[in-house]
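My questions all concern the structure below.
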Amino acid sequence: MNESIRNSSAGQSGTRFERGLAILGEISGTRGAAVVDSLADIAPDLGRFVVEWAYADLYDRAGLDLPERELVTVGALAALGDTAAQLNFHIDAALQVGVTPVEVVEALIHLVPFTGFPRVLNAIGVARAAFADHGVTIEPPVMDDDRDRYQRGADKLVEIDGQHGPDVIASLQDIAPDLGRYIVEFAFGDVYHRPWLPPRRKQLVTVAALTALGDTAPQLRVHIGAALNVGLTPAQIVETLTHVAAYAGFPRVLNAVRAARDVFEERNMSVD
Amino acid sequence: MNESIRNSSAGQSGTRFERGLAILGEISGTRGAAVVDSLADIAPDLGRFVVEWAYADLYDRAGLDLPERELVTVGALAALGDTAAQLNFHIDAALQVGVTPVEVVEALIHLVPFTGFPRVLNAIGVARAAFADHGVTIEPPVMDDDRDRYQRGADKLVEIDGQHGPDVIASLQDIAPDLGRYIVEFAFGDVYHRPWLPPRRKQLVTVAALTALGDTAPQLRVHIGAALNVGLTPAQIVETLTHVAAYAGFPRVLNAVRAARDVFEERNMSVD
Amino acid sequence: MNESIRNSSAGQSGTRFERGLAILGEISGTRGAAVVDSLADIAPDLGRFVVEWAYADLYDRAGLDLPERELVTVGALAALGDTAAQLNFHIDAALQVGVTPVEVVEALIHLVPFTGFPRVLNAIGVARAAFADHGVTIEPPVMDDDRDRYQRGADKLVEIDGQHGPDVIASLQDIAPDLGRYIVEFAFGDVYHRPWLPPRRKQLVTVAALTALGDTAPQLRVHIGAALNVGLTPAQIVETLTHVAAYAGFPRVLNAVRAARDVFEERNMSVD
């Protein structure tokens, strides 16, 4: 570590800085410290904020484990779309803390219905490079059954979204029925149907991506509800939103908390 | 084509996959298949989804022809801003299906009032590279009459947006009158005044870009209305929004459908 | 300058074009004209619009001086995130018109709570390159006192945001109290507490970034209020929003003007 950074935080915030560095080392080896060091020339305090706030304050919190936090981070970064360097770092970190390469790819494929193909295709390119650097190879699973895409999608839609799902599809019948059909067939029959990432992890990634994307309040309400449906707790959902603040800023997160509040109140649930 | 991709889709979805590949070949030669092949190592099903959902399901739909679909795609990608590889691919595809280079450039210039200069300048750089690769040269038209920018802008504003346009300008008089003046002079007197892309195509590009951009509900309502004013049908507008789902995801499109519904209801129009 | 560009604007708009070029030269030396020239091959009128609308119309306006305009531009571009070339250009321009390198870095650090770390880290990389090209070195200030982060953050929150600030924190107590704590400790105790960029400039950068980001209406209302609290006038705030139109387009700016109107009306203030 650069001495000026060390010294600037010695004494008053040594504890947070040291704890943040330790977590950064756990997820990235020496790579995170190198990023922090690289800021010493023009923005040393920015490096300190990364260590102290992102890692000591956020990553060290209970509520989500490190593999979950890295999946949330990957979801937020893929949705932002213009952060290839950070996405590479956190795909590597995800592997480091035990997320499998297949789960990383499945998390990205899962995002297509939410972000569209281009950002996912770019993120897959980043993942390929990160896998190569990390020295992992992957035997990608292939879905070889395309029967009954509509029916299995309709079933999955109810399973995940509850009655909100069919309501959205029904509301499209008079104006864009095929758009509704694609949500059933493609988003649920093709994508949600994939079994290689557990439903709770899919919803963590979904909520993170919708939060980072912005202008998605109705969809956040549906998918925060879906997160509860698959067994995440209100506390875990709030934890996910809080974590995303480091990647997408407080405004997006405050708006998402408003959506979460609506859902929790509707279900008479509270956070604790 | 990679054999595992071929096989994974043989039997149950061979028809959609083959049809999608044929359309992909029509718009991109061998380039699209190469993109799909490049996904075989870590995400073969993602390549299959591109072929089956984006190309077999969406590009093959009636309602918009291929040149219109490529202009819609270019508008959405330019507005997203962080998708240079895909924008290059689809500018090339636009040329392939008969959009002229001048129309591509005019579509991008048309977006300045909606996205600002930076994303358009970056997209022009992408277009330049795509034109060079495609081996086309361009004699760009130049507007050499700058007289009466305000008056011709005010006329164009009413022609395109109807009474909503002057209402927006009037609403700015007490707080930001010069902002209103720039909308008249620049967005309409300079940009909309340009005659080298037909009004219907301008509105397709506009609606696609606003949808992809997000947080533009009031402007979507005005410009979906404008799309109707220049002769697009409700079905074509819904078709445009549906197409954009592949590039910007369902949440943005569902929000835009809500804006379209408001406009259609206000005008007692329906989609059929 | 390319002759076709010169000629296209001679006569009718020579005055605006010449005035725009002069300002462009003032902020960028020969670099701006080179950008305009580079557009002559496929989009000469786009280059003319940059000169005439962005520079002659917007940069030449009263209300904000050139250093303020460049800070506003840097804030908008950093928030957009996918515009590295333009950000490099305008960080260089900021230095050219007298913004110090430390102020540039402080403006970027200031954005972390609004945009998250990734876009700021990328912007810092752009700044580093621009500083090197410009031949400036920087002795970055370091905050070496981390005592009482919560208390000093709470004080700063009231100083900047007035009662709206504590209201936001209080509203989070039942659902995401630690998120509220981080806003106090990190956004205000760490970041707003930094003394190396004057409060008015911080609010110019904040309002520009929130406008460009989109989907931030509640935060824009709080921070337009904060801009008034630290001494900016309604006219300067509207001037800031108008300026951002060149970088983020009219839709984002029209939505931000709506937020500004709410705040001005609540305080019985008007623009003149």
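List of remarks:
Read from first to last, the chains carry the letters A, B and C; within each, the first residue is number 1.
Going forward, a contact is a pair of C-beta atoms (placed from the backbone, for glycine too) under 8 Å apart; a residue touches a chain by one contact, two chains touch by 3 or more.
Source: prediction; values computed, not measured.
When the CA atoms of subunit A are superposed on those of subunit C, the rotation angle is 120 degrees to the nearest 5. Because subunit B and subunit C carry the same sequence, their contact can be compared by residue number, and under half of the numbers here are used by both. One finds 28 Å separating the Cα centroids of subunit B and subunit C.
The set of subunit B residues that touch two or more partner chains comprises 81-82, 214-215. By the touch criterion stated above, subunit A contacts subunit B in their complex at residues 81-82, 101, 105, 108-109, 112-122, 124, 127-128, 131, 138, 140-147, 168, 172, 174-176, 178-179, 182-183, 186-187, 190-191, 194, 210, 213-216, 218-219. By the touch criterion stated above, subunit A contacts subunit C in their complex at residues 4, 7-9, 12-13, 35, 39, 41-46, 49-50, 53-54, 57, 61, 77, 80-83, 85-86, 214-215, 238, 241-242, 244-255, 257, 260-261, 264, 270-271.
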